[in-house]
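Worksheet: the structure to be examined is printed underneath.
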């Protein structure tokens, strides 16, 4: 059993090991080791496109995680009070949203927004006051990525948080109401602490999904570049160890975050 | 590799700040590594200084093809102007156009091929260039045959980058047959060298050179002729190594032995691995010119003009040609090139091989038939 | 009175999701549906019309559908077969102190770029990777990159963490006393596993398989990078149609078909796995 686990871990980590190894490559190519160098870390960090792509990805993933957790929590709480047709409609919408592959969200958002913009932009041009100068042209970008991502992840968040809501101890809530706590206070002091692990898990998962998404952004990013889009472009033009350096740094950050948070949790216990 | 080349390469690698393994082992590792880091970090500060000094902004985004620029030149541009280049490469003109059509152009400078210009103009994506910002472009120094398609209604919409041909490369260590025709290319793919050929992910060249198998025009949009080409392509598909426009890595590491290929990739592969040879099919094929165009919606217009003009500078252009091995259309650039390059049969094929070649036709870009043939080929 | 205010709160709670879903899911899907009955414009894109021609053309993408419908379930199954023993090991045999670390190590790869990890496989499976190693020990002519096998390896690799996690959770929840009871009643460990542990972990398995399957049905990157344009999924067909041939109407028809296929498959799957009449939530955590 242990041996098997070891094999699986090797399978998981050999590619990552190769990525890290090549990030210290002195040569230009990501497939031929030519000595040791850490210059690619410097190159990556001083490349404004990498930094901008990283910033875009962080904004997109952060906003997506935040919005989807808020909406998911609200929906999960609201849904426990409804039955019948309303419940059925919501359940099937969530179900459909989870089932549709991400790529379709990308396409639907692209097609719908392109159609809407074809309509809105000429209109905007007509009604735009001359004093304000030239009318702005709305186009695909940050907002279209965030809305497609949020849509993709909200249903998931709802399901995760709802599992937590259903497992919640209702007697505590009733006690709180009996003690004349305001609904807000009941939520804040009784409900939220109980479902918080679910919210956190959903937010984390959705952050990861959004941060790593390529295909949806590929369709709707317009001129914006997220980190995965940047990486894809780099792979196509012949990858340099710069990309490996980025991956290594991402790995270091996520490992540090993981282990410090675990350390903190253990201390609290 | 001859010693002179080796010396220059070593010299270049020093300039780039890289350390060879031996040297690394010779000195103490850490100090040197930190020095390299420090050498690369000032990029950040340089960026800020340049920013204050120029109105170009600090970025420009370039849509181009694989292996089509000298990285040193692009770096030089950034050092000179403080403008960083976002370098995107594409597999086909169709892909580039689709990206621009779906959601506004994210690019400031685009390298597009002759046959697409009229469509870009019709779609309202290009405007006539402001030639006063491109002093390095002197029309008289380019042959009309190469630049004609960029001139519409007397106005110039794009300036030439390079010209070239589309043939195929063969690894002669693995393939002993004497290759001269497109017929051989497809026949041997299907039979003797199954699993070793790469075909472009690009309708113009993939379909065009399948059409040449039957002796039809490279640009045919005739349904019957296309159906024959499609049949051939689908028959060959299980025997292909890949469908990809970035074939250099697979040719270099020996995964693939044969690939449809553009002039410059042929030069580059042959330069590094003399056993790889470039063949123009006797039946004909494509002759093309690539152009720099600046889309109407470019966000960094000034930087776009600056980059285009920089790359057209004869000295810079000559350095580009030396690196990528595509012939230039500019006479001044050619004057700066070594004679052996101007005599290179890959870059300047013999007249009897050039004669049957055709320029791509605009109709192929918008033909739904060709798009579907390509898509069915890929999905088969 | 209390009831009224609570229904007011409920409406408020559900409103954002309802608006979001209408504006960004229902309407866009409707637009795609409308497009799928349209015609290809002269320069590419959409031209209003009402024709079934796009749907009639669907057989041209039959192979892509077939590839997806074979490799997505196969990939899901392979990932499951590899993930289950690992999840079992983590949940039931590792001492709790080390469990968190080991579990974390499964998730860490998920937190480095999917693209870069897949790229690493291009190197491993390419001419200088495994085939070169095999040549070294005398096995020649092995080709891995750009084959369905490569795509399958990429799938298993990419989705393994996603598979392990839900299974681990459901295995961890299995009540120890049930296992002890089974043991006390003289059941062999194999029997205990087959009759107690495995059935109890099924919800996690079902969830994990469904998530991976859904993601795979829309997969584009793995076949694009490890399949060399030769192993073609529906996702690749869609990218081609929208971002290369600019055939929006046909692309829309393919997208709608994909959604319908998904709806049918997943509904059947849910009906099979989860007992009818009893709503069971997919629990991930």
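Per-chain residue numbering starts at 1, and chain names A, B and C are given in the order in which the chains are listed.
Keep in mind that, in the parts below, a contact is a pair of C-beta atoms (placed from the backbone, for glycine too) under 8 Å apart; a residue touches a chain by one contact, two chains touch by 3 or more.
Predicted, not measured: the structure shown is a model, and the values here were computed from it.
Asks: Counting C-beta pairs in contact, pick out the pair of chains that comes out on top.
Replies: So the chains sharing the most C-beta contacts are A-C.
Asks: What's the chain with its C-alpha centre farthest out from chain A?
Replies: B
Asks: Could you give the separation in Å between the centres of chain B and chain C, each centre being the mean of its C-alpha atoms?
Replies: 37
Asks: From the mean C-alpha coordinate of chain A to that of chain C, what's the distance rounded to whole Å?
Replies: Those two chain centres are 17 Å apart.
Asks: Provide the list of chain A residues touching at least two other chains, using ranges where the numbers run on.
Replies: 31, 110, 219
Asks: What residues in chain C touch two or more of the other chains?
Replies: Touching at least two other chains: 126, 128, 242-243.
Asks: Mind pulling the residue numbers of chain B that touch at least two other chains?
Replies: As it turns out, chain B has residues touching two or more other chains at 102, 249, 253.
Asks: Of all residues in chain A, which touch chain C in the complex?
Replies: Those in contact with chain C are residues 1-2, 4-5, 8-9, 11-16, 18-19, 30-31, 70-72, 74-75, 77-79, 81-82, 86, 90-91, 93, 96-104, 107-112, 115, 147-148, 150-151, 154, 158-160, 162-164, 166, 183, 197-198, 201, 205, 208, 212, 214-215, 218-219, 227-228, 231-232, 235, 239, 243-244, 246-247, 250-251, 254-255, 258-259, 262.
Asks: List the residues on chain C that touch chain A in their complex, please.
Replies: Residues 6-7, 9-14, 16-18, 20-21, 24-25, 27-29, 31-32, 35, 82, 85-86, 89-90, 93, 100-102, 104-117, 119-121, 123-124, 126, 128, 157, 160-161, 214-215, 217-218, 220-221, 225, 235, 238-239, 242-243, 248, 251-252, 255, 258-259, 262-263, 266, 279, 281-285 of chain C touch chain A in their complex.
Asks: Name, in rising order, each residue of chain A that touches chain B in their complex.
Replies: My answer: residues 26-28, 31, 34-39, 41-43, 45-49, 110, 113-114, 137, 139-140, 144, 219-225, 233, 236-238.
Asks: With touch defined as at the start, can you tell me which chain C residues reach chain B in the complex?
Replies: Listed in rising order, the residues of chain C that touch chain B are 40, 42-45, 60-61, 63-64, 126-128, 143, 145-146, 228-230, 232, 236-237, 240-247.
Asks: Going by the contact rule at the top, pick out the chain B residues touching chain C in the complex.
Replies: Interface residues on the chain B side: 92, 94-95, 97-99, 101-102, 119, 122-123, 195, 201, 237, 240-244, 249-250, 253-255, 366, 368, 371-372, 374-376, 378-380.
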